[in-house]
Amino acid sequence: MELMDDWIDILPTPLPTTEALLFVSSPNSGGIVLFLGTTRTEKNAQGHDLAALDYEAYPEMALPQLQTLAQAARSQWPIVKQVILHRTGRVPLSEPSVLIAVASPHRHEAFAASRFIIDAIKADVAIWKKEIWSDGSGTWIHPMPSTK
Amino acid sequence: MELMDDWIDILPTPLPTTEALLFVSSPNSGGIVLFLGTTRTEKNAQGHDLAALDYEAYPEMALPQLQTLAQAARSQWPIVKQVILHRTGRVPLSEPSVLIAVASPHRHEAFAASRFIIDAIKADVAIWKKEIWSDGSGTWIHPMPSTK
Amino acid sequence: MHITIRLFANLRDRAGLSEIGLDLPEKSTIAHAIEQLRLRLPTLADHLNHIAFALNRSYTQSNTPLQDGDELALIPPVSGG
Amino acid sequence: MHITIRLFANLRDRAGLSEIGLDLPEKSTIAHAIEQLRLRLPTLADHLNHIAFALNRSYTQSNTPLQDGDELALIPPVSGG
């Protein structure tokens, strides 16, 4: 199933953007879409600034889920190459927590597939984030279905 | 009009992807979408391979057109930072001819804005491409309205 | 039979544990395991209402029967990305 | 009056020129300029049917009147991106 054309991983380190773009580059591609998910600055009710995010995964489940998502994207669009990487552990606000790169023959396919993948990650994949505030306190984010 | 938050140019050199991603990075951004337009391999009716593209711009018109597009995107979506770069001259097939990077508070805005910008560039901006074949011959691409 | 329950995110923080073993009667379901867990870790009780269940790494319903050696993960609403 | 016509892409290749000056009677329109161009550069005649016009870097219609010093660009269907 074109496994060599998919790079899917969960990593405790900064996400390798340049390597991801090189990976999806191909003479069969007419467009590449890269999505980087970052986190905005924010204040909590106590007036503390958001300082970082801690991401936790259930990796034995989340990694197969990402692989299933990649296959679902391939079944809907003619993807040439794709990368799905999620970071775990402490992520500074300025650094991406998730990276998606899709190369496809026509640009609209890469836009549609990358958007599908990030929407599905946020809805279904066994990964959680905890907001870490400037006073050291933390808040797990567990969106209720109605707030998603 | 937030001009320091927009980087818009027409360049005769390889497009600076890493610098564009750094430019749009911001603590106010929740998502970054980067689009790279590349060209697929192809054969012409004579059996020659596509070897490269030559891009020509009417820069005194195309650059203001790109700036107008950037403002049009800002009027529709809350864009934090954006980059629109188009390359001119000879572009090898493996290298992007156009780069769009958009950072926005929420991811859907960056997807929508970057797609709007590339669609508008292809429809309206005074830039033309010539396909250069392996025998050295060239074909200007001038899509008729019905084929666009 | 013996199963392993895995805890993540707010559940792991509250329990102070990422994994717990449970001995259950034969023919127990996921719902039975959750009742046992409420007794063993009352601090989790308030946080077990909105979770999903993954049995051996696949989502499933609470009426699913368990087997010896199963890994049951409690999945609070996800927030990756 | 004197105007400058700028040529791009297939028109520039065919004409072997990127720019041409035209002297025109007062009150000439873009359409009049194009008629003059057909006479001066017959090799372009077949390629002037699907073009758009930019007068001083903005798109406009062929019935627009010209002024001395104008820059008229002939814009074949674009293919950037």
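Should a chain be cited, it is by its letter among A, B, C and D, assigned in written order, with residues numbered from 1 in that chain.
In this section, contacts are C-beta pairs under 8 Å (C-beta built on N, C-alpha and C of every residue); 3 or more make two chains touch, one makes a residue touch a chain.
As the structure is a computational prediction, the values presented were derived from the model and not from experiment.
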Centroid comparison with chain A (C-alpha atoms), farthest chain: D
Chain B-chain C separation of Cα centroids, rounded to whole Å: 50
Between chain C and chain A, distance of the C-alpha-averaged centres to the nearest whole Å: 26
Shared interface positions of chain B, touching two or more other chains: 37, 118
Residue numbers of chain D (touch at least two other chains): none
Interchain pairs in contact, sorted by label: A-B, A-C, B-D
Chain D contact footprint on chain B (complex, rising order): 37, 55-58, 60-62, 64, 86, 97-98, 118, 121-130, 140-145, 148
Interfacial residue positions of chain B with respect to chain A in the complex: 17-18, 21, 25, 27-41, 93-94, 96, 103, 105, 107-108, 110-111, 114-115, 118
Contact footprint of chain A on chain C as seen in their complex: 6, 8-10, 12-13, 50, 54, 57-58, 73, 75-81
